[in-house]
Every structure is written in structure tokens, then in C-alpha cells.
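Next come two complexes built around chain A: one with chain B, the other with chain C.
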Partner chain A sequence: MSAVKTRNMSTITDIVRPYASMFRIQFIGQLQYRAAAWAGIVTQFFFGFVFVMMYSAFYGGEAGAVGVPSLQTIISYQWLKQAFLMMVVLWSQDADLLNQIVGGHVAYSLCRPVDLYSLWAARLLANRAARCALRFAPVLILAFVLPAPYGMIPPPNVESGLLFIVSLLLGALVAVGMSMFLYVLTFVTLSSVGPRLFIGAIADFATGMIIPIPLMPDWLQRALAMTPFPHIADLPFRIYSGDIAGAAAGAAIGVQVFWVITLGITGWLAFRVVLRRTVVQGG
Partner chain B sequence: MIYFKYIRMQLRSLAQYRSTFWFMIMGQSLTCALGFASMTMMFDRFHTVAGWTYAEAALCYAAVFMAFSIAECVARGFDSFSRLIVSGDFDRLLLRPRALTLQVLGSSFELTRLGRLIVGGTILQFAARNLGVAWTADKVVVLIMMILSGVVIFFGVFMLGAAMCFVTVEGLEIVNVFTDGGREIASYPLPIYGKTALRFFTFIIPYGCFNYLPLLYLVGRADGHAALYALSPLIGMLFVIPCAFVWKAGVRRYLSTGN
Partner chain C sequence: MITLNGIHKSFKVARRKPGAKAALAAMFRREYDIVNAVDGVSFDIPDGEIVGYIGPNGAGKSTSIKVMSGILIPDEGTCAVAGLTPWADRKKLARRIGVVFGQRTQLWWDVPIIDSFDLLRDIYRVPQDEYKRSRDRLVGALDIGAFVNTPLRQVSLGQRMRAELAASLLHSPDILFLDEPTIGLDAVSKLAVRRFIREINAERGVTVLLTTHDMHDIEALTDHIILIGKGRILYNGTMSAVKSSKTAEGLPVEEIVAGLYKEHGL
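So, the complex of A and B:
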């Protein structure tokens, strides 16, 4: 009985191992780009400051704005965005994978006894995690030491802080799930520069990267709530500031899980369909 | 002229990838339009920003996007200069008996940026109509000068960024702070970012010269030296002169990366 159990356990680890290795290799590889990370930190900090000044100017005007979160909430939102941008942006892509598809090298990966979807998803997740790991701490520290109106404040309680971390990780999974469709698209069209720009523009807006979603008109917020977009970055950032808390936060995280699973299954099926149609020319 | 031959060459190669071209144009237009939609949403919630109206901000946005897209279209060779250095192709340019700047400019011509220009132009029209300004001839001239001045200033910043590549080889993301960041900043009237930013972007990198200084003149808020505000776009253009010197100095000190 117990022997059977151990064998089952070891098969599970065997199944997971190649994807975990891919994650580790890619994560360590990405950690090497430190100079790029420093430049990124400076840029993120600069842009963060520009937007914080802009929002302060808007809020400093007449008190006519109703139904918007407090300035402090928006400022924390903005700094979180700058710190975790690499974790949640949709336009980040892996040029290597795109070249594999266009150049035909994907044929080698297909010969291996691994699931291509899972392998690439692990790799994309590692990219996000590593780039973010190199950048988030300095930006957050700077954001916390900034003087009162422009700086960031801690979450209202420990619960919000913990839920934020859970929700941010799930958000990264939603982002990976969505960006996998870019590779599906590349399998179909082979050239992906044009569509990528187009999709990137919409995604940037819809994830709240241009202006925070709470500042958008109500009808648009309601429409976006039905898509996965706000469940990438907007939700974790609002959980952080306590804007969404308690049972509402739990329910929202449940919706995130729903999107992770839905996107994962549909993406995996889409990969199967396009891979069956893929023709590798010559070699 | 050889520059036009370069451009014809670039356009021909572009014509080979037509669907990509149209997707790029659409993507660029969409970025610009969504940026403006975001600005509209902000004003929808807050009505004014630090005493500036929606139409005034829209004019800034339109002017900076038009200027930036023209500058990027023409001077993309400078904007993506690190490519020439890293690949060693810059050495080839140096060997040719033609003007170097011309060759760098000719190395890339981004017609797709015109998507932004079209959207920017539409926004400009909208802003000009809603600004409540009587468009006399002098004001129209100032408006045109704003855009031209913006093109020249962005051109200068691209040159500075390219000159830095002589030292660093790799393109620096920091330069984006002044190009994309400058565009972002100048799409609102500069004073909303506070005094320090205002001074820096007026006297060091003169984005203010095509942004809020002439805007003050247009809306009749220029107190005192109205002529000075009207002429500020011209003064701003002088910025390109030191940039050209830095570029020249960089070229003189250039050592190839090898090939």
C-alpha cells in the first residue's frame, strides 16, 4: 500500500520536474541582466514620480470629483504598478520563443517528451518573476521613503497585505495565461509585430496601466470587470490599499482562480489545435 | 538628393510587408487615441488640473504627439543608433564619402509613426476649436511653430542619446526617460509637475518651449512679455545646436566595436 503511494508521489514529481527545471534555468538566466535592471529601476521611478505629480495635481483641484478613491490610494496604486510592472504587464514577451516559432526551431522542442504549453508557460512565469525580483525592492523602498503626499503607505492591516501577495501571484498567472495566446497567434500568422503592437495597446489600457481602472467611467469599469484584464494588476493593487477587503476580496480572488483555470485550459487546447496544423518546412 | 533615395529605399522595403505596415499604423494610432481617451476620462472626473482646462491639455497632448511622431519618423536612425554601433554597421557609414548625419537619418525611416500624426492632428483640431481662442494669423503661426519646435527638440534629444551610445555601446534605457518620458510629461501643461520639473524642462531640456510657454500666449495668459512667449518655440529650437556638438564630439572619439 505504502509502496504504491510513494510510486505515485514520484511520478508526480517526475511529471513536474522538467517544468520546474525550466522555471529555475530561466529564472537564474534572467537574473544576470542586472545593468538593465538598474536602468529599469531609474526609469520606473521617474515615471512613477511623473504620474504621482499628475494625479496630485488633478486631486488638488476642485473637490468636485465624486466616487473616486482617495489620492493616497491612487498613489500607492501607482507605486505598486511601477514596482511590479514586470510581473503584470501583458506586452512583455519572450523573443526567443517567438523566433522559435517563426524560425522553425520549435520542431526540436516538439520532439521532446514534454508538454510544450506547460514548458513555455513555466518559462514565461520565470521571466516575469526574475525581472520583477531584480526591480521591485529598490522602487518600493524609494516609494516608502518619499515624503507624505507623494510616498506610499503600508496596507491598512496584515490581512490586506497577505491577500495582496496571493492576488499578485495569481495576477501574474492570469497575465501568463493571456500572453500564451500571443504565441498561438504567432503560430497562425508567423509575423507578429503588427498584431502585437495592436493587442499591446489595448491590453495596456484595459489592465489599468495608463490610468488606474477606478478612475475610469463607471460603465467602462463594469464592462472590464467581465474580462480577465482587471484581475491582473488592478485587483491586487486595490486589495493592497484596502479598497477591496474581507469577503469581497475573497470572492475577487476566487474569480482570479477561475480566470487562471479558464485561460490555462483554453490556451492548452488552442496550442493543441495550432500544433496539429503546424508544418515545419525543411530543416 | 541622396536622402530621398534612402527614403525611397526604406519605403520600398516597407511595401513588401503591407499587412504588418497597416497593423503597425493601427497600433500606433490606437496607442495615441487611448492615451487621449485616458486624459478625457481624467477630465471627466476632475474637470480641471491645477487651473488648466481640458482643451488646453488636449492642445499640449496633440502638439507633443505630432512633434514626437514626426521626429521619430525622420530621426529613427538616431533613436535606434545603438543598433548601428553594436552591429558594426556604423563603420561602413564612416567609410562612405557622404555626410554622416544624412546616412544615419537615412538608415531608418519609420513611416508607421504617421498613425500617431493623424490621430494627433485630429485632436489638435478638436482642441483648437474648443480653446475659445480667436485664431488670428499670428496665433496660427505660433501653433505651427510649437509643433516644428517640438520636432527639432526631440531630434536634439535623440542625437544626445545616440552620442551616449559611443560611450556605452548598448542603448541606454535612461534615454527613454527623456524621450518617452518627455513625451509623457509634455502631454500636460508643465506647471502641474511642480517648480523643479518646470525649470528643468524649460532651461535644460526645453520641452516647455513648445508646450506651455506658447500655450500661455495662445490663450492670452502671457503677462508682460507676450512676444517672448510667442517666440519661445524658436528659442527652444536652439537646443539642437549643443546636441549637434556633442554628437560631433562623440563621432570624433569613436572606436569601433569590431565586427
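So, the complex of A and C:
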């Protein structure tokens, strides 16, 4: 039987096969949660309206001071946030994986000939893609149909639109890279509740989900710029509205790539350490 | 061939005295007990055998299976499974072994069982033609064709366990570890699982190590048993020898094993 085992494994397709397959199965699995998606869409409409009304009142019909984004920019920002929420928020995690760690089912995953970090990262990315795929279109359609100034406007040019898509996908990767540390922490604490609340609360603020980052004080904006947080959602949303464009957008996307790689490598190493510990101490 | 030589594994378990004061004290200084899960376990299993690994709860069965499948690194001792040291060659070994933990599932909850099989095909990088052959054979042998397109959450426990067995064999391993594969199953499913284990052993020469609390599993599958208790191997031999001893004559098999446990102070 073992004679069959000698296979040529050098091709790229063979290397990525488990991870691509994991992405596919998880994506399909998540698409089944249609009721949750409809409930999500209603929630997203509701919060979208609340935020849009709030900022309209806040701007009071003025164009805004120098250095502060226009009302229209902020309103687009709000609708993009609602449409792509599940792609970028850090509180959206995989309860099943967390339970696998806490309950010891991870034993099965350890008996597989794959890199577990990459496998789980592929799965987290699939969750984000699927949950977002079910929700974003209705929210965007409504936001475009709404009359000015409450509705959304298209990006100023095709370039901004394309860069937005690239940046949003990279933002999802940054979110996955940060999320993987939650799973690392759960291996250590054996309860996901604490780390999840902690990361979720900090990230909601630091990614600009509560107050858009351009409206924060300068010193806070400068501090956050040193962290990966603004590179998850704030950056793509500002590229969309043309707030960040041209060379500045290219440079910012470069920083996003830097964070994807940095978080990937450090997360992979941290994962190795906790797995080793688990293997030594028992699941 | 599976060889264990003087495998020892102990765990640190936090000790807590009852009461609020003790709980508060534990926040600053924790006391630990050392529990010897396996304490110098040695045995050999030749290729192509079925071995029943029995012992009461907490005896060290699962711990030794975890060591043999590379999930757990022992404190002491050596182990070779299919010529590999499990914890050093975990990923390499993964292709050679199949594992079923009866109380856990390796299939995806939300998707049809067949999709889980496809994912396992890609995880083990099994070529499509080889996969198709082995999948069709397993689906037939385990009689799971009727519900293989059903999401896992909608099938019964007996159906699930048969699907788990198929899942663990898709990559054609030569060694199969089964940790309580019949737990909670009805008579029909139990019989199907047993018949299948006999089949893959006889036809494909798969070496099987199975733990169970159901002595009828053992009777139906093998005469070779290894008894473990408190982390030590207490008996390694044939069931028939145990049965034919004077004290066991005419007793039902459960009684005999209970007698064995008692004899060793378990």
C-alpha cells in the first residue's frame, strides 16, 4: 500500500490544494446561513440610517472645516462600513474553531499532513468572504438609491474604485492576520470569551468602526497609523472616496502588504509555539 | 508495525481546595498535582493485526493513542509507528495512519458528508482517480450511499460513525487507530462497524488498534487484547487464555473483564 504514497508533490497547485479546498468548503457552508444574513442586512440598514442621520446633524448642513472630510465622504464611509462590515470587523470569528481549541477537538487537525496556521487562515478568510457576499449587495443598492446627501456616491474615478477593491481585500487579510492571534491566545487561556471581548472592543474603536478615523484628534490618528488597525477598513474606505489617491494610495497599500506579511509571519511563529506547548501538555 | 518502549507521560493538574478563600489564594499561588497518565508503557503490534486496547476510564488509553498518532510528546520512552517517530514526523506519519475519535467528529457540520470527503481528499492530496476508487469502495462497504449527500447535522449517530470511518480511510492508511468507535451506537450500526473493521483488516491488511468499553466488540474482532490500568500495561495476550482460566469459566465476557480489573486493583 505504501508504494502508492510516493507522489510528485512539487507543483504549486498541489501545495495550495488543501487551503483552497478549505476556503471553498467553508465558503459554501457559510452561505447556508441565509436567515442570519437577512437579519444582518436589516441591522446594517438600521445602523446605516442612524449613523448617516447622526453625522448629518453633526455637520449641520455646513461643508466642514479645513482638514476634516466632507459630509459626503463620511456618509459614503458609513455605508461602506455597513456593506462590508463582515469583511473587516474583528468580532466576527469562527466559534467552531474556538470550540475546537477549548474542547480538544483540535486533536483531529493535528493528525493531518497540512500547515494548520494556513488552513485556519484560509477558513477565516472564507468566513469573511461568505458572510460579506450575502450582505453587501442589498446594502449598497439601497445606499445608492437614497437621495443626496443621505445616499452614497460612486468613487471619483475608475482608479479609485479599483484601488478600493484591492485595498479592501488586503484589509480582510490584515483582519485575518490579527484574528489568528485570538486563536493563539485561546490555546493559552482555553477560553475565548476574554480575548474575544478584549480584541473586539479595542478593534471596533481602533479600526474606525465607532468614529471614523479622520474625525479623531491628530495625535490619536498619528498613533493609530503605527498599528495595523487603520489598514483594515479605514484605508479602503478613504481610497474609495478619493480622500487618499494616487501615489499616496499606492504607498498606503504598500503598508497594508507589509502588515499582511508581518502579521502572517509572527502569527505563524506564535501558532507554532502554542501548538508545540499543546503537543507537550496534551489537548 | 507499532512499537512502544517505556513510554511515560505525566500532566500537571491544578489543584484547588474547596471554598472562597482557597479560590482567592489560587489566584496568586497555584498548586499542582502530577498525574502519571501513562507510566512506562511498552508493547509491540505486528502488521496486519487487530488489537483490542482495553482498560477502565482514565487508564491511559487515549493518551497512548495520542502519543502513537504524534499529537502528544511523551516525557520518556521511544515509539515507532510505520518506522517513524510519531511526534518528530507528525505530518509524514499523518499520511500513513487513520484516526477515529468516537466522541469527536472530523466531518463538517454544515455541509453534505461528500463535501467533507472532498476536502479530506485535498488535505491528503490524494489523486482524483485514486480518491474516486477508494471513496466508492468505502461508500459501498459502509453502506452510506443513501445519506452521503446529506449535511452531517441531519444524520443519526450510527450513520455519522460510519461516515467517520470512511473519512479516516480515504487516504488508504496502513494503520488505523479507533478510539471508542462504537460508543453510543445501536445494534445495527455496531454490527456494521464491526463487519467493516474485519473486512479492511482481512482484505487490505490494515493494522487496527481499537479501544472500547464494549467487550462484544473485542469478541467479534480479535483475540489479542492489551489491558491497561493506571498507566501501566497489566496484560498483553489472548482473550481466550483469560477466558479459559479457572475463575472465568462460564462467566459472561463483561464479568470476566470486570474480574480482570478487580484482580489488578483497578
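Just so we're on the same page, the second predicted complex is superposed on the first by the 262 of 283 C-alpha atoms of A that agree within 3 Å, B and C clash if a C-alpha of one lies under 4 Å from a C-alpha of the other, contacts with A are read in each partner's own complex, and residues count from 1 in each chain.
Note that in this section a residue touches a chain if its C-beta (ideal position, glycine included) is under 8 Å from a C-beta of that chain, and two chains touch if they have at least 3 such contacts.
Remember, it's a predicted structure, so these values are computed and weren't measured experimentally.
Legend: residue contacts after superposition of the two complexes on their common chain; A:Phe205 is shown touching chain B, with no touch to chain C.
With both structures placed on the common chain, the touch criterion links A:Phe144 to neither chain B nor chain C.
In the superposed model, A:Phe258 lies in contact with neither chain B nor chain C. In the superposed pair of complexes, A:Val68 makes contact with chain B only, with no contact to chain C. Of the two partner chains, chain B is the only one that A:Ala57 touches; chain C does not reach it.
Shared contact residues of chain A, touching chain B in one structure and chain C in the other, are absent. Across the complex, chain B meets chain A through its residues 17, 19-24, 26-28, 30-31, 34-35, 37-38, 41-42, 44-51, 172-174, 176-177, 181, 184-185, 188, 192-194, 197. By the touch criterion given at the top, residues 36, 39-40, 42-43, 46-47, 50, 53-54, 57-62, 64-65, 68, 191, 193-198, 200-202, 204-205, 210-211, 215-217, 220 of chain A touch chain B in their complex.
Of all residues in chain A, only 1-2, 4-5, 7, 9, 14, 17-18, 20-22, 25, 28-30, 32, 96, 104-105, 107-108, 110-114, 119, 279-283 touch chain C in the complex they form.
The touching residues of chain C, when paired with chain A in their complex, are 9, 11-12, 37, 63, 66, 69-73, 82, 87, 90-92, 94-97, 99, 101, 104-106, 108-111, 115-116, 118-119, 121-125, 127, 130, 172, 174, 204-205.
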